[in-house]
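In C-alpha cells below, several structures.
Same chain, two partners: chain A is paired with chain B first, then with chain C.
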Partner chain A sequence: MNGSDRKFSANVLKVASVVAGLTLWHLVSAYVINDSALLVSPVVVVKTTYEMLFVTGELYPHLFASSGIFFYGFVLAIIAGVPLGFVMALSPLVRDYINPWMATLYTTPRIAFAPILLLWFGIGAGSKVAIVFLGCVFPILINSYYGMRVVNREYVELARSFRLRPWELFLKIMLPASVPFILSGIRLAVGRGLTGVAIAEWFGATEGLGYLVYFAGQTLNVPTLFVGVTAFAALGIVGFEVIRRFEAYVTPWRKEAQGG
Partner chain B sequence: MLLRGGKKLREDNVAGPVLELKNLHKEIPRKDREPFPIFRNINLSLRDGEFVSVVGPSGCGKTTMLRVINGLLPRTDGEIFIDGKSAAELDHELVMGFVFQGASLLPWRTSLKNVLLGLEGRGRNPKGAEEIARKYLDLVGLSGFENHYPHELSGGMQQRVNLARALAVNPRILLMDEPFAALDAQTRNFMQLELLRIWSETKKTVIFVTHMIAEAILLSDRVVVFSHRPGTIRSEFKVPLERPRSMEMRADPRFLELENIVWKQIEEEVNASGGFAQM
Partner chain C sequence: MPRKELLRGCISILVGLVIWEILTRLLLENELLIPPPTSVIRSFWNLTFFGQLNKHFAATLIEFSYGFTTACIAGIVIGYFMGMHKWFDEIMDPWIATLYSIPIITVVPLIIIWFGIGMISKVIVVFKITAVAIILNTAAGIKNLDPVWLELAKSLRLSTWETTYKIRFPGALPYIITGMRLGVGRALLGVVVAELMAANAGLGYMLRDSSETWDSPKLFVTVILLAAIGLVSFNLIKRLEQRMAPWRQSAEWSTE
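For the complex of A and B:
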C-alpha cells in the first residue's frame, strides 16, 4: 500500500467513524432515551447551533469570551513555561529549588485552586486567565525541561568536536532537538487549558462557554447544553489542528509530523 | 581557498609529523578502587597525508583514543602535538574533523545545513560557506541531495554527508571512527573505494579506526595493531601495496599474508584477555 492509498483509507475511516457515531447518537436519542430533558438528537444540536450563530447570534459573546481567556492563559503559559523548563534543564540548582513546588502544584487538582484565584484576582478575566494558565503551564514546562534533558549525547559530542560555542550548542543543537517535546507539551496544554476555561467560567462568570453549559444545565435547557459542549469540542479540534499544522511547518524533518 | 588555516600551519612545519602522540595514557578514575585503565603508552606519529588504520580486539580502547585525540574526552597523561603545537593550544581551532560511527547527522538539518555546521559563524560570509559546503557534498558524490533531510537518505549516503561535514572545515587531520561499520557489506565496499578516491583528492592525514582487518589493509599506508585492554600498540605494519588501491588487491598474496599476520595477533590478544566469550 503506498502513501496516498494509506492517506485515503485513513480519511475514509475517519469520516466513517464520525458518521457512525452521529448515527448511533441519533438512534439512541430517538429510540432508547427518547426524552428531550435528558438527551437530544445531533439534528437538534445542529439546528440549535445554527440558530444561536445565525439567527439570534447569542453564541458569539460566549465563544469570544472563552476563546479570549483560553488564548491569554495559553500564551502566557508558553511564555513562562518554555524558558523556565529550559532553565531547570540547564541548571540543577534551579531545578532542585523549584521541584518541590512544581510537584505540589502539578498534582493538586486545579479545581481546588479556582476559588482561591477568584478571591485574589476577582471575578473578572484575571482569575479565569490564571486558572487556564495554571492548567497549561505544567505540561509545557515539564516537556520543555524533559526535551532539553534527553538531547542525544552524540549531538553534544558532535558540538564539541566542531568546537561550537556554548550559545551555538544551545541554538543549533539543544533548542531544535527539544522542539518536538515542547510541541507535544503544547498539545497536551490545549486540552488542559480548555478544561481550565470550563472550570473558570463555572465560578461567577456571566458569559463564556463554561457559563453557558453550567447555566443550561441548571435550567434544564438540554439543546443549549449540548451546543456548549459541542462548541468546547470544536475549540479543541481547532486548537489541535492549528498546532498540528504549526508542527509540520517547524519540524518538516520529522516523518511523523507529515502524516495525518 | 579550501586550504585556509591548514596551509599556514603546514608552512611552519614542513618536514615534521602532522600528528604526534607521546606516551598517551587514559584511565577512568573509580571510587575506592584502582583507576580503570583504557589505553597506555601510545606513541604514534603520522606524516602529512598519511593514512593509518588502528585495529584491535573489541574494547581495546581504540575508539576512546580517537575521542581523546579530538578532545571529546580528557587524557590522563601524555601529549598530543599537531604540527608540533600542543593540541591544548589549538583547542579552539578546527584542526581535526571527526567522522562518527553512528547517525550523528542532525535530523532537523538538510544535507547542506549539516555540512555547514562547522562552517557557520566563523567569520565566513554565508554565501562563501555555502559554496564550500556544496563543493564537499559534490566531492562525496551527493550533488542534488543538498536539500534532503537525513531520514530521506540511505545509510551510505548519510555517511557520505558525515564525511563531507568533517572535510568541509578543511581539517589538518581526519579522525574516522568505524564509519562504515553499520553499513551492509556491499555498500561498505563501495564506500571504501569512495574514501580512497576522496582521500587521494584531498590528501588528508587520516586515522581510521576499524575492527575489519581487510578494510584497514585496503585503505591504509600503515596498520597499527592494538593489544587487548588496556590498549597498547602491539605492532605496526607498512602495507606493501602500491596505490591506487583496488578491490582486486584483496586477492594479492601480500594482502592475504598481512591479513593473516594481523588476524593471528588479534586472536592472541583476544585469548590473552580471557577469550572471545569474555569480551
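For the complex of A and C:
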C-alpha cells in the first residue's frame, strides 16, 4: 500500500467514525432518551444553529460580546506578558522575587479569582477582561521567558565578535530567537482565554457565549446549550489554526512546534 | 532549588504579606474589598475548628481523586490501543480532538443536567478532563517508542504480554505522567466550576457561598486553599516526572 492509499483509507475511517457517531447519537436521542431536556438529536442542534445565525440572528450579540472581551484580555496579556517574561529572563534578581507569586497565581484554578475580580472591578467588562487576561498571561509570559533563556550561545558569541551593543544584541539576536517560543505561548493562550471568557460570563453577565451556555443550562434549554458549546469549540479550533498558520509563516524554519 | 533563590522567594512572600497587611489596615475602612492577611488567618482558624471547612475540603478531594484515578486507568488503556492499532486511532481521533478543543467548563452545565448536582457529576467532569489529556499522551508515548527496544524484545523472544509490560509501558511512562500533569490543573478547575454551578458541598460551593454573602475573609481562605492544592499537586507530579524521566528538561513552571 503506498502513501496516498494509506492516507485515503485513514480519512475514510475518520469520516466513517464521525458519521457512525452522529447516527448513533441521533438514534439514541430519537428512540432511547426521547426527552429534549436531556438530549437532543444533532439534527436539532444544526437546525437551532441555523435559526440563531440566519433567522433570528440572536447568536451575533453573544458572539460579539465574547469576542470583544476575549480580544482585550488577550492583547493586554501579550502587552504585559512578553516584556515581563523578558525582564525575568534577563535579571535573576527580578525572577527570584516574582517567582513565588507567579507560581502561586499560575497553579491556582483561575475560577477562584473570578469572585475577587468581580468584587474589585464590578460586573461590567472590566472584571471579564481581567479574568481572560489572567488566563492568557501565564503561557505567554513563561514562553517569552524560556525563549530568552535558551537563545543559542553561538549566536550570542557571534554577536560579541561583531561587537554588537547590548541593545543591538537584544534587537537582532535575542528577540528574533525567542519569537517562535512567544508564538507557541500565544497559541496555548487561545484555549485558556476562551475558558476565561466562559468563566467570566457566568458572573453577572447579560450577554456573551458563556452567558448563553450558563443560561441554557439553568433553564434546561439543551438545544441552545449545544449551540453554545459548539460555538466555543469552533472558536477554539479557528483561533488555534489561525495562530498555527501565522507561526508557520513567521517562523518557516521550524517544522512543528511542540503542542500542548 | 538553590539556597539564594529560596531565600529571595521567602523574603518576597513575607514582604508582600506585610505590605498587604499595612496597606489594608491603613487605607481601607472596609474589609470587603481586600481583607488583611490577619483577618484571613482568623477566618481560616474559625472555619477549620468551628466551621465546615473540613467537610468541603474532603468533598472536593474525594471527587477529584475518584475522577482522576478512573481517568488514569481508562486513559492508559484507551491510549495504549490507540498507539498500537492504527485503525482504532483513526476511529477515535476525531472524537478525542473535538473533546479536547471544547473549553471544558462549557460542558459542565450539560453534565450537571445529565448526572445531577451530586458527587457523580463532578467525578465525571474530572474524569473527562484528565482522560483526554492522558489518552493523547499515552498514544503518543506508545507510537514514539524507540524501535530498537522492540527489536530487543523480539530477539529476547518476549511474549506479547511481556513486551507490553516490560518494554512498551515503561517506555510510555514519561508521556503518561506528562498527561497527568496537564490533567491535574485543568481537572481542579473543572471540579471547582462544577461545584460552583450546582452543589451542596466542596470548595467551589464555598467560593460561591462566600462571594454571595460578601464574606471576603472566607472567600480569600477558599482561594488560598485552592492555590495550595494547585501548588502541591503540581509539584508532586513534577517531582514524579523528574524521577521517571530525568532526561527531560523539566520547567520550573511548564505551560500546558
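Simple rule for what comes next: the second predicted complex is superposed on the first by the 221 of 260 C-alpha atoms of A that agree within 3 Å, B and C clash if a C-alpha of one lies under 4 Å from a C-alpha of the other, contacts with A are read in each partner's own complex, and residues count from 1 in each chain.
Please note the rule applied: a contact is a pair of C-beta atoms (placed from the backbone, for glycine too) under 8 Å apart; a residue touches a chain by one contact, two chains touch by 3 or more.
Here the structure is a predicted model, which is why all the values come from computation and not from measurement.
Upon superposition of the two complexes on chain A, no clash is found between chain B and chain C, which fit side by side.
Residue contacts after overlaying the shared chain place A:252 against chain B, while chain C stays out of touching range.
Looking at the shared chain after the overlay, A:79 reaches neither chain B nor chain C. In the superposed model, A:176 lies in contact with chain B only, and not with chain C.
Judged by the touch definition given at the top, the superposed model places A:242 against neither chain B nor chain C. In the superposition on chain A, A:13 makes contact with chain C only, while chain B stays out of contact range. Chain A has more of its residues touched by C than by the other of chain B and chain C. The overlay of the two complexes leaves chain B and chain C separated by a minimum Cα distance of 17 Å. Common to the chain B-facing and chain C-facing surfaces of chain A is no residue whatsoever. Against chain A, in their complex, chain C makes its touches with residues 4-5, 8-13, 16, 32-33, 86-87, 90-95, 98, 101-110, 112-114, 182, 185, 188-189, 192-193, 196-197, 204, 207-208, 210-211, 216, 219-220, 222-223, 226-227, 230-231, 234, 251-256. Against chain B, in their complex, chain A makes its touches with residues 154-155, 157-158, 160-164, 168, 172-173, 176-177, 179, 251-255. If you check the complex, the residues on chain B that touch chain A are 67, 70-72, 91-94, 96, 98, 100, 102-104, 106-109, 117-118, 120-121, 149-151, 169. Touching chain C in their complex are the following residues of chain A: 10, 13-14, 16-18, 21, 37-39, 93, 96-113, 115-116, 118-120, 138-139, 142-143, 146, 184-185, 188, 191-192, 194-195, 198-199, 202, 210, 213-214, 216-218, 220, 222, 225-226, 228-229, 232-233, 236-237, 240, 260.
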